Each structure stands twice: as C-alpha cells, then as structure tokens.
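Both complexes shown next keep chain A, but they swap its partner, so chain B is in the first and chain C is in the second.
Let's turn to the complex of A and B:
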C-alpha cells in the first residue's frame, strides 16, 4: 500500500531546494511511476513526498542560442515523442520515448525520473548516453553540470547529492548535429515491457565511411554503458556489412552481462552482437546509405 | 429451424453498464465501517508452523483481530467448484484448512489480520512472529513420486493425488501389429488466467445472524456450500451474492477467498470485512493451469492408419487438491473423440508438489493434451512423409462414433469442413509452396492443429441448471438465471434464447445479472462451456412454461386451442393465418388484474441435462521466425469452429479473439517461474509474467461451420473454452515448418528459441 505521510508541492525551484535541504527525508516525486511502484512493493515506508509538478517551466524543451538542446526534467515521454524539436534533432530519443510502457505511462513518466531512478533498463538513458547528454543539477551549493555517464553509480544508484534536483538534460550541438541513429529495444512484449537489452546508436558518416560512432547499451552491465572499443574500431571504416558485423562483435567486449532467470549471459551477448549490427545498419540507411543486407 | 433472434448480433446486455462504468463489481460495494483483511504468507515452500505469537500485532492500534489456524474450526474442506456428490467416493479431495498449520508452498496463508485499513493490516502482518520448522520441499512431480521424497500431505505418502488408467481396446495387441511406433515427450508450463478483476470478497453477518458474502465468483451456489463446509455452519446460514465480475477463466470456479472473508468477519463480531488479493497474491494463492509432462507412444500402419495411442500425462498439481485429478480425467474424455484409434490407453497421474495449487482453467486440461497430441501427430506425419493435413483427415472419426467410457455419441461432426475452410483462409497450398526453400534471417512457416471438446461435464459431472421467467404487465419479462455472467456473454445469449422462445423482441427480456443464492434459481455456475448448452436448456424450458401460460389465457379468451396460436413480436397470433389476436400486453394485464383468474405469469424450470455434444475446431497459423533473435511473430491466424448453431456471432467472435490471445501467450511467452532453491515465485507480477498485450496480438481470423446439434436447445454446442485449445500446437507446428525445429516444450520464448537454434547448429 501507499505509506505516504505527507506531500509538499512547492511552486518554485528555490522553495523546493529549501524544503529538501531542511528535510533530508523528503522524497522527490515527478510522475510517480517508479516511486509509487516502490512504495507499493514496501521498499519505501512512511514517506513524505515533494512534488515537482507545480514548478513552472520544468517540462520545457528548447534549443538554446549555442545550439544546445535543453529538455526539462519534468518533460513526459508523451511530450518528448511529440516534440518537433526532438523529432527533428534527436529522433533516436523520440524512438526511445515512444517505446516506454504504454500511453498512460508515457503521459505520466518523466525523463528526469527515468534517469534519477537509476534503472539500467531505462529506455531514455542509453540514447542520452549515445547523444553525449549532460545533466543540469541544482542544490543549495548552486548548479553543476555532469556528463550522464558519470551520473550512474550502480544498479539503481545515481550520483544525486542530498537535496539536489535534476532540472534539465542538455544535449550539446556536437552531440546531435548531422547524426543519424537508431534505438532497438529488445523485450518479450511489444508494449508494457522493460528492455531485456536496449541498443542505441548515433553515428556520422562521410563518403561511405564512419566518422563518428557512438554505441550505448542498456541491461548489458550494472549501469548503461558506451562501447568505446567498438566505437574506436569503427572510425574511418567503411559502412559495409562485414565492418558493421565486426563492430557488433567488438561491442560485446564492453558488456558485463550475467545469467539471470530473465535471460542468459550467452543470449544477451548474442543479442548485443546482432542488435548493434541491426541498429547501426539501420542508422546508415537512415543516413541515406543503402541497405547493405 | 428459422430463428428470429437466435443467430443475430444482439448487443451485449451489459455493454452499456460496463462501458459507462455503472456496472458494479465486488470492490464497488461499500458498507459502513468496513474493515480490511490481509494474510500472512509462508516464506518457506514446506514448513511446519510450530508457534505463532500474535501479541504485538494485536496491540497495534487499528488492528481489530488476528486469527490463525488455532482460532478456526479444524475442518478439512475441498475447494473445487464441482457439484456436491451424494456418493462419498465421488467427492473432491478435502485437504486444506482456511489457515494452515503446515505451509506447503511459498505463499500459503498462516495467519490473517483484520484492521481499519490496508496499511495498518500490512504493518500488523510484520508484527506476527511465526516459528517454523523448515522441511525439505519438492517442485517437480516426477521427483515427488520417488521414494523418500518429502511428504506433502500425510494422507498421501506417495504424493500421488490421482492415478488412473483407462483402456479402450487392447493396445498391447495393436502395438504388436504396428508397422511403426513413434514416441514423444511434450511439456507445458504453469500459467495463470490473468483475469482483469482479482479475487475480492467482503463478508458480514446480517441482522438475522446469517453470513453474507459478496464475491467475485463464477459459482455462487457452490461457494455457499463450501463456505458452510469450511466453517462448519449449516449451508442455509450462508448467502452468497455475485455482482458483475471481471473475468474468471476457471480461477473463480474455485472457492479461494470466501471462507477466509467469512472467518474474518466472524472474528470481529460480524462487522463487514473486505478481503481482496493483490495481483502478486493472486499469482500464488489462487489457482494455476497444471503444468504437464506428457509421454506419448503411437502405433501406426504403413498406410498411415493410427492404430493405437498410449498417453501418460504427469500433472503438477501443486500443494492442494483443488480440481486435482479431475482435470486430467476430464480432458481424457474429450480427446478420445477426435481420431479413430483402434485402441487407446490413457494413464494420467496428478501429483502434489510444493507449488501454488493448480485448478480449473479455460479448457480444463485440453490445451496441454492437445499441445502434446497435435505436436505428436504432426511429427508422425512428417516422419512418414505424409501431408500432415491428409494424415489427420484419413484418421478422423465420423458421426456416430461413441466413447465406450462416457457413452457420448458424436451426433454432428463439422471438422472436415472446418479444415477445408481454414486451409482456404490462410492460403495453405500457395504459401507452403512459397516457403519451401528459405535461407534468410526471417523464415516463415505454416502450421495447424485440431481439437475436440465437450459441452458441459456430463456424464462425469452432473449438469443441473435453473431459470425463471417473470412476465411484467407490459409483456416484457425478467429473466433470472443461476448461470453466471463472467464476461463470456451468457446473459446475452440466454436472453436471446428466452426472447426466441417467447416471441419477444430482444429488448423486452430484462436479464437479472446478479446472482444471489437466496433468490436465484439453483445452477452450478459458469464453467465447462456449459452455460449456453446446459443453462440454455433451463431457459428454454422456463420460457416455454411462461409461453404456455400466456397461450392458456389466450385460449380461454378466444376459444382457440393453444396449438392454434403463437406469440410473435409480443403479439398473440393465429398460427394458420398469422393474423393478430391481441397484444401480449393484453394477456399480461389480465394475468395480473383479472378479478377472477389473476395469476401473474411465471416460468420456473430446472433442467437436469443428461446429454453432451462434442464440438470441434481447428487453428491455422502462419509465423515468422527471426533466426537471429529467436523472436516468433504471428503473421496470420485463423480459428474455425464447429460449435453448432452460433447464437450470437458478435460474442462468438469475441470468444475467438480472447481464446486465441490466451493461446498465443501460452505458446510464446507466459510461464510462472519459481526459484528451484527456495520454491519462491520469481515473476508473480505483470512486469515479469509476460501476458500478451494488444500490441502483441495479431488480427485473429475466424469462421464457423454451423451444423445444428439435435440435443442443443437451439442447436448449439460449446465454444467459450474451445477457442484456446489448438493455438499453441498450431503455432508450434508452424515454427517447425519454418525452421525444421520441433519445440516440445512451451512457451517458445526468444531465449528458448535461441538455445534451440544453437543446439541445431543454426546459429
């Protein structure tokens, strides 16, 4: 059951930081699609909540003067996959957003909650890794910006300081300009499911060669990861079927998959190889390349 | 027979109530000061409860009562939703208490709390101190039968709940005569019904001291009896009310929450207590579908004639009997009337293990049996290089076939037409040719599977149904039925039958959807695809009685004989000329207000249906297998049914959609998993239990071959459960066609497909 002892709904960020600083036990709630589930499972007891819903502007999606795209932490997945900015510049994030849960969940679930919850299966995380996203965090000490890769600390753990709020996700222009990409979520069901493996690739090509490749995996290690070795191998290589297959094999090296009743290590590693190939192949096609089979 | 209303796409009687949210389910009823009950469950798969200290829990403010087995009568009872048997040898196995003194699976209820709200109740559960003596446990039925295995119930030291052997002809002789002998082993997994509305009941003691239980049940009259037995209270002291219910699929053909709900209320002086399960509890503490391992051995002549079949299913029953061995026994009676074997031996064993109890689930053992049988038949045909459809066709039974054990005779047999129709729908020949030499990553294949099923439980079971028709002043009627509407559409179909018989427009039949054991005619409830066939007979009888009374008044008024008149569109007409004599309203008004002869018209009937009708059908499936990821996609799927006259095509199509979707989950993704080291459930929630969503469900095609069955009140046979029987083997056979790999275990999840592809050197 929902063991809630109180809820605060401040209408400014400053007030929210103040409340959090004064009461370290306050639990932030955004869409509540993780918090409430944890509460119902008995993982959170006698909880006082702090809701971010009344703070204006926290769901804004915009392009700043320097070309950086800023996505408010409170933007829901429904807002994200319908946003023209996202669809034009970060289509892979749109693809990831629409893969989340079902319509009701996408209407409630926020991208900030998805990241701060720290799940390795978070559908937005892999893609944000691939776009080189940064996180804007605010606390009494002020604002800090950290690359998303540094934010993940372990399964379900993130480097959020006490009384700190994620306000926005920033994608610098170099992260997305002239890129193509693809997100593949492998799950048993086509909706209302968590990824057994998530593969997100973002790449740039020139003259039939890869000039930039970023590959991120979800559920391949305790936290979402980038496949640096595979990425390095790809640079300057032709966008051919053999090369992309090889990149898939390299990607497996970055993973630390394990056996569980949900899927075996062998199967996950096999999927990494196959799905990195498929995602990158699709990214090349979307980039105007041909279907290399 | 020409029908006016039967056969029409009449809109469901409950459609408006359900889509507007006005339909009230058990959870929608409130009583003043209602308390909430919760259960403390064993964390061990097998453990003796040595002592329970409830002191701290009782001291928590807001806690009204804490009960354990010590507070309840030491009465063992059986929970299966079967009619009571006057013959003690024919009764269900009584092997459980309301709260146990020995946990037999993880989740077994050992104590219960009644508190002012759910949160307080849950906090109190944590304060109950239980001392357990942990015992070794067993999850696998074959291991449970080995000497030295942990004994789950003292009464059954070998853990065998039921073991039977039925032989027709002489299999030994036929196996000697055989040109070929084939063997196969097939396995199915534990799955659950996943009805949207979870088991929920509330109970209170009314002003007359009687126990009233409002429950989401398929079987109110049976529930009343079982609660009486569990509590040791005369059955008449109990009243069970069944409001609208959100699905059951057999899981509510069992008495799961009602006895404890009543015990909770009794523990607080009869105050109302709500006892509703969570989804996580529902997965472990209601019922499941028996996982079966089936050993098949078949004798065949070189011409491809099926000579003999020896089938030995091992059924994993879990911790308590519930429907137990009846499931396997009943399924045995159903598959025997499909292929014309010269001899057959059926030897099922049903075994206790330390798992949640298996019970009734849509098609009662047949999805398991037909998965095995239709996979096996496919394998034999391939082995013998005979076209699998031709092989089946040359071995089908024909009209007049009689099962020597049940004496059921096949009166109508439309399966051959069903097969032809299915072949055309899926474009079988054309596609088979096209998919012959595939090399790519995505490979397509076609498969099919047949089934046979009964309409109700006769003669193994007893089939009684009740109905009452009460005519209003305007000639409309209330129809009261003991049959329970659980979403399958029985209220609608039974109203159509009543309207047809009475010559009324469909809208003039007002069905009383709620069952109340104090008021409702006696009927066993919703199960075994019996309502249309069995309860339909009672409705027809009650409607005929009311009609006769109407015509008696008309005869008295006109001087015509009853036989010379009829009722058409709520008018009394002369049969010969068709001319109107008077309105039905005229007659109804006289029945109410004629100073001399007033006697409002009612028809009251109980039907003891001592017959059965075999129904048939087939599934045709086209799949695409991703040879790299192991994913199986359904491209097209068709069910073609021989269910006699289809009373309402709209509802029949709905049954097919639901049944096939359930069958696809069975084939591809659903399975309840347990930790073999602890016996704990791993995936008792909808995140990890992969019930299919609408996004996973393909368009489902259907067709009906309608041959009126002479024993159906309007020519009907069963349909509801039938729709889910042949899906899994058809998909399995299609995957075999696509990949050359035979999957002898379901579900065929991407992980298992990956493993098989590897084993076969395809990856």
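Let's turn to the complex of A and C:
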C-alpha cells in the first residue's frame, strides 16, 4: 500500500486548477513512475494526489498552423517514440524517449512528469534544451510560456508555481526545421538505467560548415545545460574531425560536473569531450555528410 | 477524503466491480483481492518486471500502477493467456526453447512477448532485446528467453 491520504481525478484542466488552488498541498501525479517510487522509498509521506490521467486530450501530439509542434504533457515515452510527427520532425527526441527506463516504464512515464520532477538526468530534458523547447503552463491567472532553460531552478527543483500545471511542450519551427541531431545516453546498463551523462546535439550545416549548433548536457551540472561557448565557436566552422573534437573540448568548459557514486568529475568531463564529438559527428553523417572518422 | 473507490475493470475477459483502497496498487488488487497470483511481486519499484500485466494491451508494471487507475480498463494477466487448456503460441515457444527455469519472471515475459506479437510487425534482434529489457531474469542468462521471443515473432 502507498502512503496516500486522498486522490482527486478531475476530468477537465479547469477543475484540476481549481482543486490545486483550493488545496496547495495536492501533489500532481502523471505516469506515477517517479512519484510512486518516491513514496515507496519513504521520501514522500501522507500524500494527497491530484491525478491528471482522466483529463482527455493531454497526450495529444500535433503540428499547429504556425509549424510549432505541441506535445501534450501526458504523452508517454512510448507514444512519443512511436509518433510519426516526432519521428519525422524531432528524431532526436524519439531517440531520447526510447532510452528512458524499459518498455513498461515507457508505457507509463510521461514527458511532462519527466520535466516537472526536475531530475538532471531526465532523458527528455537534454533534447528539449537542444530543440529550444518552450513549456506551456496553466494556472488560475491564465497561461504562460517559458523557455525550458528558464524552468530548471536546481537539482529536483523547477519553476512551477503553486497551483500551476504544465500542459504542453512546444517546439517552434525554428527549433527543428532542417536540423539534424543525435542523442547519446551513457550509462552502465543499456536499459533500466539512469544516465551517467546525456548528450544531445541539434545542428544545421551548409556547404560543409556549421550554421547552427546546439549542444545540451544532462548530469554535467546541477541542471541540464547548454554549452554556449562551444556553440558559438562552432558557427561558420568546417564539419571536420579536428573542429568537432575542438567543439567537444569547448563543451567541457560549460560543465560543472561533480563527483558522485555514479561517476567521478574527471570521468564525466572525459565523457563530455568524447560524447559531444561522437554525437556531432553522427549528426553530420545523418545530415548527409561524410563519416569523418 | 473517502479512502475507498468503486472501480470496474475487465480482467482476462471477465467484468469485475469492486471497492478498492486508494492506497492499493493494481498488483495488490490482482493478487490479494482477485487471486491472480500469476502476477508476481518482485522489486515493487518498477524495475524487475515480474508484476507486468497488460493494460489495454500494453505492458505496464502493476506495482507502480494505482488500482484506481484501472477503472474502465481491460487488463490481461498470465491467467488469461492460455485458452481452454491450450497454451498460447508464446507459451509454447517458451516451453520449446526451454526459456523457463524458476518461473518467477516468466508470466511478465510471456505477457510482454504476447503484446509484441499483437503489434503484427517484425522486430530485429536488437529491437527484441530492447523490448524485453524491462524484465530481470536471474536464472537463464536471457538467451533462451530471447530465442523463444524471436521464434514466436518470426513464425
């Protein structure tokens, strides 16, 4: 049995916001793969839950008229991995989605929950950083949209206001159109494991040169990060082996890796350098470029 | 708040209406209330896959799935796989390949493999490994399980 003292299961977003406003102690639960495990471990006690599972339409994935792709916060990783829209336009997100947990977890865990629990290792977060994603948040005061980079406040902390619900993740057309990319999750096991380091790159090239490079790292700092210095260095440079290696070295500068039982700081920094190289190299190949070795 | 909720669900083709404690997992209700003891309790945190059941045809870990969420859902446990005493194709493949030892992971693996056969698509070896990666088996070393799943998907 779980240490649950109550559960509300509204069937509209409006009702959910109302319940949250009236009872700020309600803990939002989506797929449950994180919240319930925290309860089992005793990290959460005597919890009153607000389940979003009965609200229709919250898992929809669609392209809006302006080209923005909207992913409902309740979309599961299995749904994201299988979505034709995601596979066509955001293939790196599909790659990240299938790296989460195992198949049963992917059938339950949602992208919104993955973001809102604020884990630095969140497989979806890194890629959403690289696609310049925005988050659509709803409260009694109305709707607001924030860049995902501004949402992460610290380890396990996000800027979700009291009585506010993440309803969708938005990826503007400029974030994904004509891009290539790659996600590499480095972990001890190939499945059912948490990333020791996650690297997501999204890039555009023209005439053998980088015209846009976005590099995001997970578990390299207290929150997922972008490597601005490396990105700036890359613009206008050739997609050669030497340049990409140098970009990897620049990426390390953005990190604030630390020692943990999962990996040492030195090892993580080594991983950043090598995996950024490998991810960018693969992105160039996928973009129709040569394997530069 | 009331701590009990009435739910209706279909388990292995049969309707069940019952009051569940909101604190209960689907695993607890299936095992302790409805006596589907083929659903195994292992790690209780969604890592081992022993408690896997199909919810609307999709494998989920019933230990981290609240019983109240099953309201209105169609659930399949291992007890619903064989028909009229006949083993299913998946079960027969597990027997033929010797993919069963202690048997604790077997119900979950058979259900996941059954869900794979129901997609009607082909799987590469890598995809098969990925799709059964949510199950821990401490006996077989996985090869025989992999062979059984591959065999049934290629039939």
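As a working rule, the second predicted complex is superposed on the first by the 292 of 293 C-alpha atoms of A that agree within 3 Å, B and C clash if a C-alpha of one lies under 4 Å from a C-alpha of the other, contacts with A are read in each partner's own complex, and residues count from 1 in each chain.
Assume a contact is a pair of C-beta atoms (placed from the backbone, for glycine too) under 8 Å apart; a residue touches a chain by one contact, two chains touch by 3 or more.
Since the structure is predicted, the reported quantities are computational estimates derived from the model, not experimental observations.
A.B. asks: So, does A:262 touch the first partner chain B, the second partner chain C, both, or neither?
C.D. replies: first
A.B. asks: Applying the document's definition of touch, where does A:21 land relative to chain B and chain C: first, second, both, or neither?
C.D. replies: It touches nothing on chain B or chain C.
A.B. asks: Between chain B and chain C, whom does A:108 touch in the aligned arrangement: first, second, both, or neither?
C.D. replies: Second partner only.
A.B. asks: Who does A:3 touch here: chain B (first), chain C (second), both, or neither?
C.D. replies: In the superposition, A:3 touches chain B and chain C alike.
A.B. asks: In the overlay, answer first, second, both or neither for which of chain B and chain C A:78 touches.
C.D. replies: Touch status of A:78: second partner only.
A.B. asks: Have a look at where A:194 lands relative to chain B and chain C in the superposition and call it first, second, both or neither.
C.D. replies: first
A.B. asks: Which partner reaches more residues of chain A, chain B or chain C?
C.D. replies: C
A.B. asks: Based on the superposed arrangement, let me know which partner A:186 touches: chain B (first), chain C (second), both, or neither?
C.D. replies: The first partner, chain B, only.
A.B. asks: Examine A:270 and indicate which partner it touches, taking first as chain B and second as chain C; both and neither are also allowed.
C.D. replies: First partner only, chain B.
A.B. asks: Could you tell me which stretches of chain A are touched by chain B in one complex and by chain C in the other?
C.D. replies: Common interface on chain A, chain B vs chain C: 1-3, 102, 190-192.
A.B. asks: Enumerate the contact residues on chain C facing chain A in the complex.
C.D. replies: 1, 3, 5, 21-25, 28, 44-47, 49, 52, 55, 58-61, 64-66, 68-69, 112, 130-135
A.B. asks: In the complex, go through chain B and note every residue touching chain A.
C.D. replies: 118-119, 122, 628-630, 669, 673, 675, 682-683, 686-688, 690, 692-696, 749-751, 754-755, 763
A.B. asks: For the complex, give me every residue of chain A touching chain B.
C.D. replies: My answer: residues 1-3, 42, 102, 186, 188-194, 196, 261-264, 267, 270-271, 274-275.
A.B. asks: In the complex of these two chains, what residues of chain A are touching chain C?
C.D. replies: 1-9, 32-33, 36-37, 40-41, 48, 51, 53, 78, 98, 101-105, 107-108, 190-192
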